[in-house]
Amino acid sequence: MLELAAREGRATTDADLGKSPFAIRGLTVAYGEKPAVFSVDMTVPEGSMTAIIGPNGAGKSTMLKAALGILRPLSGQVTVFGRPLDEVRDQIAYVPQRASVDWDFPTRVIDVVLMGLYRELGLLGRVRMRHMARAMDCLRRVGMHEFAERQIGQLSGGQQQRVFLARALAEDAELYLLDEPFAGVDAATEKAIIAVLKDLKTAGRTVVAVHHDLSTVRDYFDHVFLLNVRKIAEGPVDEAFTPETLQAAYGGRLAISQHDLFSRNRS
Amino acid sequence: MSGEEFVPLSLPPLLIGTFAAIACALPGNFLVLRRQALIGDAISHVVLPGIVVAFLLTGAVSTWPMMLGAMGAAVVAVVLIELIRRLGRIEPGAAMGVVFTAMFAGGVLLLEQSDTSSVHLDVQHALYGNLESLIWLDATGWGSLLDTDALRYLPPELPRMGFTLLGVAAFILLFWRPLKISTFDEGFARSVGIPTAALGLALVVVAAIAAVAAFDAVGSIIVIAMFICPPAAARMMTNRLEVQVGWSVVFAAVSAVLGYVLAGYGPLWLGADDAVSAAGMIATVSGVILVLAARFGPCRTRAGAPAEG
Amino acid sequence: MLWDALLLKLGYNAALVAIGAALLGFAAGATGTFLFLRKRALVSDAVSHATLPGVGLAFIVMVALGGDGRNLAGLLLGSALSAGAGLWALSWLTRHTRLAEDAAIGAVLSVFFGFGVVLLTVIQTMTAGRQAGLESFLLGSTAGMLRVDALVIAISGALVLVAVVILRRPMTMVAFDPEFAATQGISVHRVDMATMGLVMAVTVIGLKVVGLILIVAMLIIPPVTARFWSDRSGRVVLLAGAFGALSGYVGAAISATTPALPTGPIIVLVAFGFFVLSMLVAPGRGVLAATVRHLRYQRRVHLRQGLLALAQGQPVYENLTRRLLRRAGLMRADGVPTDRGRVRAARALLDETRWQAVRADPAHEGAASLYDGLRDIETVLTRDQIEEIDRRIGGPKEVRT
């Protein structure tokens, strides 16, 4: 436990901050007087795949939303490659929770993906063949190209999630922030999404995802960030994703047998 | 009917009604999708106090101050609703109900207190408008449309409504993309840097402009009906926003024309002597269209949409 | 004059109207609370606008049958029937189409109202210049009200009130948690219907007093006002009723002193006055109290964050934090902590470290749930428990500088 406290106190230098694709300092968000996220620092290494994990109500999504300026934090600063958020929005792609939108909205799959080209198209820019081709390509990467003309309300949950990912791909960003991308999706979708995310990592992009399934953390991610209102631990999976840190984050609520998580002979 | 009768008596109200209906239906599409359909209801109620206050301040019934007063009241109402919703943590429907009823009550009271009986300003007029009276006495036939002298005496509501429609359409066209994105997915819209709060306010202000201009000509019933009924009916015809907006324009225009004609000639066909309220009839027709779309529209339910792309 | 009115000294009719308005206000406030708690406040807007065609049709039918079109009971019956039709249309649209409730409300209210206006113009031509007086249903008018009308209003207001009292328990349960209510054997659908029935009754009775456009205010404003004063649903119902009754009574009394003033708007404005006052000064949910609390909380968060940063030798980034630390004499202008700052920072870090140990320990789960980032651990654990924690974390540590 002593070691834990010391790790929390580790000071990052300004040089780390400047290089990091996504760094948060002193972020606090409160609903009324109940802090959802309290005084959190986070420094995401470039080219990493980081999972933000923690129990329900730990403030994972809240932290992401506040960092992106979607919620207003009580305090805190966010830098992207050392620069303030508003200067570098075109380097960020955000995938909101699937349940946060009304899927009855009158639009087609391809239109949703084209929304990812908004910064490029601007207010009145015409959608040309190459834009369409790019959007179709993004759909192909998530295996949804045959559904381009579908009304979005007719998709299954997993398909909706893949369309959201395709929209983020269309943004062609350096940093991908995903909020619960695997929540309520089928196994095939989960596999397709993780394949795409690993491709992004291979291409040198940085991926940060709010994640809730502890059993897949080791397979999917190389870095973790444990949150329970406060930061519990942060670092490479081998260092920071340990029985001690999980105990600290989940307390008595850790339902999954730790044997499952840490046994080495898993498929 | 000959041009001699049609152009001076029926053409201006028909055009004004149609322009007003479309100008309200266009932003209505987004309001309905954003679950803000009743903003239109709130705006049309608070127009009355705005006009009364403008009248009390200027002491005359002149168009521009009254339009500005109505605009101001609409903005005040929207800001108040937002304030009450956030500060008081009250759900939006109830916040709206508090604000527009109180402002409407204030308007009525001011109206009754002040000496407005000598001028044409009363609650009934505010509700029903007076579409039938917007006639063009200087017209003698179709030829008058080219006659600059006669054109100068067009009812001023006609060019005003025309310009309003142009302005509203230009706004929707120019901001189509961010409007669509932020209506569908506000979180994503903010992440790509769309100022969603400002855009949402702009949409409401544009809706208010349409409502105020239309209100002046046709009264507030049409305004509420046109904000909601044509877009709602159009939603049940298609699953694409672009097509939906097209249908809503068609439905708005049909409601306006058919409603005007039925109000003017319907009673004659039934053997009565006098016309009925055109504004009321236009609202009624839009309701009939909505019922038809809700009963037979191809995309009327969430589940019943066609499966193939 | 106003005192006379408030003390019911302005004649039998005025007294009846004031009492009727108070009863109506209580019934409306109480009934409206259930709508408000169900987050369906504006359904009342659709109901009230939907009464207009009924009024018109009732008039036409009564004249056609050779009677007096202005018979209040007949008009109210007609308005109740068409309000029922409006409610039916509303629920049909929301259940059988993809329209959301707000769009359905707007559609019903505008179309029914539009059709009502058409009927009013028909009536104008029927009566050929003679005033049918139906316009008074738009804004309400108690001036020149017949005694029998005043009696009808007072008695039916009292009846609705009795119904609210009888139904309050199931309605509260459904408004608070419909699913739980269903498990208790309450038919949610039936209770909703009953609530709507009461809303309709209030609307119809209120037509003559406040008019159909403003009766909505009687159903919405008092419940919203009452909500600022209490978190307990039973009390909110009572308070809403009280605010409604007071608004009705005072409004009717004011309007009795100056017959030129329409009753409806005055009642609504009185109710709105109560609302504004409550929103500002109510303890707990009031705006002033909440603002003060928020600012104080933000200060504490920034101070705590600043102290922790100082304790760990990190730079303090945020301006507000720096300003607060300096003003409290905990940090010098160049960012170096003062002696007092060092002590406070060390204490904050110790507290934080203790909390961390507590939160990681399942044995302390109860205490851990109290963690909010600011609470001093000494207020949660006993001295012995803290000593035990300290042994585990290796005792208070030096602050690095």
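A, B and C label the chains in the order they appear, each numbered from 1.
Simple rule for what comes next: a contact is a pair of C-beta atoms (placed from the backbone, for glycine too) under 8 Å apart; a residue touches a chain by one contact, two chains touch by 3 or more.
No experiment lies behind these values; they were computed from the predicted model shown.
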(request) Could you tell me which pair, A-C or B-C, is linked by more C-beta pairs in contact? (result) B-C
(request) Name the most central chain, where centre means the mean of Cα atoms. (result) C
(request) Average the CA atoms of each chain to get its centre, and name the chain whose centre is farthest from that of chain C. (result) A
(message) Measuring centre to centre with CA averages, how many angstrom lie between chain A and chain B?
(response) 43
(request) Could you put a whole-Å number on the gap between the CA centroids of chain B and chain C? (result) 29
(message) Just the number, please: Cα centre separation of chain A and chain C in whole Å.
(response) 38
(message) Two-or-more-chain contact residues of chain A, please, as numbers and ranges.
(response) 104
(request) For chain C, write out the residues touching at least two other chains, lowest number first. (result) 98
(request) Among the residues of chain B, pick out those that touch two or more other chains and give their numbers. (result) 235, 302
(message) Going by the contact rule set out above, which residues of chain A touch chain C in the complex?
(response) 1-2, 4-5, 8-9, 11, 25-26, 28, 30, 33-35, 38-39, 74-77, 104, 228-230, 244, 247-248, 251-252
(request) Quick one: which bits of chain C touch chain A in the complex? Just the residue numbers, please. (result) 98, 293-294, 297-298, 301-302, 304-305, 308-309, 312-314, 317-318, 320-321, 353, 356-357, 359-362, 365, 368, 371-374, 392-394
(message) List the residues on chain C that touch chain B in their complex, please.
(response) 36, 39-42, 44-45, 93, 96-100, 102-107, 109-118, 120-122, 124-125, 135, 138-139, 213-214, 216-217, 219-221, 223-224, 227-228, 260-262, 264-266, 268-269, 271-272, 275, 279, 285, 287, 290
(request) Within their complex, state which residues of chain B touch chain A. (result) 33, 174-175, 177-178, 180-181, 183-185, 187-188, 190-194, 235, 238-241, 243-244, 302, 305, 307, 309
(request) Using the touch rule from the top, collect the residues of chain B that touch chain C in their complex. (result) 32, 35-38, 40-41, 45, 84, 87-91, 93-98, 101-102, 104-106, 108-109, 112-113, 123-124, 127-128, 221-222, 224-225, 227-229, 231-232, 235-236, 263, 267, 272-277, 279-284, 286-287, 290, 294, 299-302
